[in-house]
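Heads up, the next two complexes both have chain A, just with different partners, chain B and then chain C.
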Partner chain A sequence: MIDPVQPPRRKNPLLRTRLPASPPRPRSRTSHGFTRAAAEGRFVLQRCEACGAFAYPAREACPACLSAGLSFVDAPRRGVLLAETTARVPSDVYFRERAPWRIGLVKMDCGPTMVAHLHADCVEGAPVVMSFQLDKSGQAVAFARPEGETPNMADDRQWREMTADPKFRRVLVTNGRSVIGQEAVAALKAAGAKTVFVGVAEPWRPFAGEQLLRGQQGVEVVTLDASDEKSAADLAADIGGKVDILVNTTEYVRPGGLLDRRGTSIARDEIDQAYLGFVNLAQAFGPAMRMRGADGVSSSAAWVNILSVHALANWPAFGAYSASQAACLSLSHCLRAELRPGGVKVMNLFTGPVDTEWFQTVPPPKVAPRAVAQAIVSALRGGLEEIYVGDVAEEIRQRLAANPKALERELDK
Partner chain B sequence: MQSKNLLELAGAISSGAVRVVDLTFTLSPDFPVIVLPPEFGQAAPVRIQEISRYDGRGPAWYWNNVMFGEHTGTHFDAPIHWFTGKDLPNNSVDSMPAKDMIAPACVIDCSAGAAQDPDFLLTVPLVEAWEAKHGRIPERNWVLLRTDWSKKGWRDYSNLRDDGAHTPGPNPAVMKWLVEERGIIGFGTETIGTDAGQAGHFEPPYPAHHFLHGAGRYGLQCLCNLDQLPATGAVIVASPLKIQNGSGSPLRVIALVSAN
Partner chain C sequence: MTNSLRTPYDGIVMAAPVTIPYARYSIESAQWWIGRALSALVARAGIKVSDIDGLCVSSFTMGNDSGIGLTQHFGLCVRWLDTIPLGGASAIAALRKAARAVQAHDADIVACVAGDTNHVDSFRLTLENFSRFNRDAVYPYGAGGANASFALIARNYMRTFGVTREDVGRIAVAQRANALRNPHALMKTPLTIEQYLAARPISDPIHLFDCVMPCAGAEAFLVMRDHTAASLGLPAARLLSTIERHNAFANDPMQVRGGWAMDVGELYAMAGVKPDDLDIVQTYDDYPVITMMQFEDLGFCSKGEGAAFVRQHDLTIDGDFPHNTSGGQLSAGQAGAAGAYLGLVEGLRQVLGEAGPTQVKNAKLGLAAGFGMINYDRGLASGAAIFAGPAR
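Right after this comes the complex of A and B.
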């Protein structure tokens, strides 16, 4: 039984803010099979193509039959906790600061025995559910939770190290003019965020949903034009040290590619809004977030981007927009590396066309803005890195993995 | 004119006998720009990006890169801005005569009317009433419409509603009349455009742009401090940036006003 996590008190200004430490980082290349799965919230193990045995940890040959044909496949998550131990004075700085820390041995129903971090409600001899989580180093670790819900389950101290739960955290939603932004504000408030700052560019321009946004408890409307370097810097000067989660809801969708557009002004707007907006936000808010990665219950935890799935494969009907999204995707990998020392996760949500004004003539299926907002919250709660929202995004991902050239031809219609 | 008169003017400016009134808003990213339906091309907002500020990027100097549309902030409209002026000679900011950049102004105070009605329109009878008091508007004068609109917060300043902007301006008849009957050099306002917020619904649409630029005249907008100008006698200095084939430009507009 876990005590519910308490809202953090105001900080004692006499105390130094602890700098983030990182858990051990080295992994074998093969082990990143787990990283890949953890990023998406999948549970995989290696399975021998010859004898069918599951193996763990990552191996180059099957421990049962020595076949080299091991592949990562989705595996059953259930197991039984064989034994547990508590590390009280670990030698590693990260774990020493967080001691006591519980780990255990889990006998998986599918065969292997795994060393795993333990949820506090796991008891010896009882069934557990295993997942791979990304730790503060961004590496996959095995994590065992009790089967079924327990009270305040998400408040477990060790679990919160693996996730970016918005509960009691302060969130900046960068663009509150968009439907997605407004839905994100509502979803994050409902998920227990202490404060949601919501950016509004050009506040002299009225917009739909404005009254509702301004009237909400715990929602602070702030002036932010992410595409303006000074605007981002000015806001960060005010609230940069209070942003635990940043949700980049920049949205600038325009149809068209290259040849049927005249001039570069729309392309420049696309770059200004999406790419340079990202750069400005990162330079303004990134350094404080990286520094505050171990700042108590409301430590900085995550940066969320909402990207078009066509960042992965250009959709010529929205070709220049796709390219701006690809630029943001590339930049997100840079940001992930730069925020990693702070233990701050960078999450990318990939969506197909969203049911908003600029995709008006695109036939369904389209993603509901509310579904994007809910995906943001579940990604934060699960500590994920790559999230595909909706059928189109999932399908593009699969088709890209199967045959990128085929997908390129298919998107050209 | 003898050069000693010019030197006298310089001396009067320096002594304060001639006041210099700045009619310009600071060019900044948060100043409202004209709003067009999103499917049209948009004026780029003002952007100021630091190159260096006595730091590693340039230890002894501070400077910025700036970017803006031709029609942002306090700005000048040249005849080439509108289709009616597209075929005129010397119709762009780089080719217009330099002497047109200095001219006297008649200031028509409509602040009371604009305070009552955001859709307030300047009409011929109103100008005639002004002339009855201050005399006929001379040729090649600016006519500046004072509404005190520049004193509003940005939201009220742009005053956008779901049926468009509601800001004061001239009606079609007065624009035609000022251009054809009074031969003005240009028309200036405190609002985002020389035209009223609802002028797209006028006949012709955007009459200030239509008539001014069709006759090779100029526009000034987003002016401030018009309340510091006399009804007549101020001299306006408005020299736009010399942008190649430019349709307008942000600029510093100053007025010379006799102190007594």
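Right after this comes the complex of A and C.
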């Protein structure tokens, strides 16, 4: 049984902050089939198309029949822990700092044996449930948990290394004027965040839902206009060293594509707000987050973007907006690479049209802002990288994988 | 026991066992250590470098070199060349290939050499880049290296067969006693079973004295036909039989036996001897539990009786079952791939009567085993050889 994680004590400003180290990163190209699955929280193994045998580790031919037809498919997660050990003197800096570190060998019900990180409640000879998680290098690793719920399960020390649980962490939600921002504040507070800073541009101007933020225990309204470089830098000077999780809820939705607009003024606004706002936030808050990736129980852990799923496939009715979101998606991959040395995860939540005023004319289904907020929390708790929220987003993910040209034609209607 | 269908190693001998004394750390390269071993071979055999017409080399730390680079490096002109990257099974594999080469007259004198250096960070780099499966699916899990992988095997083995740490500790303690008589062993202080049990844990149930000491060093011997040895006036040991097996028992969920178990009948049948006939045994002792597994798989006792076997026998030089007489890797040190050669080279010295302070009285018939390559969850490579000195 695990002791609950304790709220971190006030940091001694005279002590050196421990710098982040990364667990071993090199992998074979084929092995990134697991990385892809881990990013979405799926559990896959290679399965032979010819004989049906499951294989692990990643291979180029089936060990049962030598077929090259090995595909990554969703696989049964259950196995039995055959043996465990506790590495007390690892040869790698990351693990040496975190020793003792517990691993085990799991015989999967579907065949292969897997070396896995162990949740502290795993018992030799007992069933376990396997998942792929992204470690602090951003690489997929197998993680075995007990089959049932155990007390304080999410507080396991090794599990917490793989995730970005908001419990006891301090979060910056960048836009409190939006409904999604307000719902995110409530969901993160409910998930145990110590403090939620919530950015509001021109805070003297009243806005709907203001009462949900002001005067709430653990919620601090701060001045932030992400599209203004100085505003972002000023706020980072104040609280940059206290932001463990940043949730970028910047939202700037305008209908229209290219030919029915005149000039570039709206397009400029879209880029200013969404893309350059992202740039400003990254430059203001990214460096400190990268430095604080190993800063105790409440180290910096994650950066969350809320993006339109049309970042992946342009929706001409909101064509220029889709393009601004595609720019943000591309930038998020750059940010992911640059935050990776700190072990800070970059998570992208893809949503279909949200049930807000700017999508007023769009027919349902639309995503409830509360569903987006809950998805943020579960992505942080699961340590995911790509999350599709709602039916529209999920459908576009599948159709894009099936046939991107068909999707392109059908989005034109 | 069935008769072997394989061609006997008639007239094939091994000579000039040499060891370049180990160093915990070395600023020299692997090539330097291999060069010292070749030089020692030539001096010991009283031959010229140009008499060596076959070369077989094993090393983890040669960088991008393989055997071919070494021919030019050392001024060798050979007509038979091999590089064997089989870790702890390299010596047996090298011997098998060299024996057939000289038997077929593809070569007359083959130098089998293994050497490695140990810079301050080279052991970690070897662990990190050991194999594809290791890099993908083992090293990122705690980076415990071979200690963690063998810990899983040891834990399962010990639980399955009711083996205690004290049982496996007997092996390590006996080897330390042997090492104290080997002036080149890195470990120079006695080890008691109490000290063994009180050692700090490394990766449970592996504790400090279950682990080898990585070091720099080299080992080598020559393979030739008996006529060649006689014409050189070289004392030589006859090769009686060998076995080699890779990826055996792949369907065992965890390793409780090595490939020896698959071929042990052949090993003794080809040699025409029984386990009881052996005067000295040199197992591959990267961990004592693997040695215990070899006592079972090489036919000295049944599976599951390894613990009882070590309780009933004295494994020291003067004991009733002289084993790893130089102290083995556990107490002499593990010089990378030379660790594979350590047992065989010491075994040759024993049956040739050249072992000096570690000499077992009247040692005539010896066995050396190899084991290696934790590619993923188990050691894949195993081998063994039986050989006889001139007195038998």
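As a convention for this text, the second predicted complex is superposed on the first by the 413 of 413 C-alpha atoms of A that agree within 3 Å, B and C clash if a C-alpha of one lies under 4 Å from a C-alpha of the other, contacts with A are read in each partner's own complex, and residues count from 1 in each chain.
Criterion: a residue touches a chain if its C-beta (ideal position, glycine included) is under 8 Å from a C-beta of that chain, and two chains touch if they have at least 3 such contacts.
Model, not experiment: these values are computed from the prediction.
In the superposed model, A:Asp92 lies in contact with chain C only, and not with chain B.
When the shared chain is aligned, no partner comes close enough to touch A:Thr17: not chain B, not chain C. The partner of chain A that touches more of its residues, comparing chain B with chain C, is C.
In the superposition on chain A, A:Ser231 contacts chain B only, with no contact to chain C. Of the two partner chains placed around the shared chain by superposition, chain B is the only one that A:Asp269 touches, whereas chain C remains out of contact. Contact with neither chain B nor chain C is seen for A:Ser330 once the two complexes are overlaid on the shared chain.
In the superposed model, A:Gln398 makes contact with neither chain B nor chain C. Contacts of A:Lys107 after superposition: chain C is touched, whereas chain B is not reached. Contacts of A:Trp204 after superposition on the shared chain: chain B is touched, whereas chain C is not. Comparing the two complexes, no residue of chain A contacts chain B in one case and chain C in the other. Touching chain B in their complex are the following residues of chain A: 202-206, 223, 225, 227-231, 263, 265-266, 268-269, 272.
Those residues of chain A lying in contact with chain C across their complex are 23-28, 31, 56-58, 63, 82-92, 94-96, 99, 101-105, 107, 113-117, 124, 135, 137, 139, 141-142. Every residue of chain C that touches chain A in the complex is listed here, in rising order: 123-124, 127-128, 132-133, 135-145, 147-148, 151-153, 155-156, 159, 200-206, 250, 253-254, 376-377.
For chain B in complex with chain A, the touching residues are 29-30, 32, 35, 41-42, 44-45, 47-50, 153-155, 157-158, 160-161.
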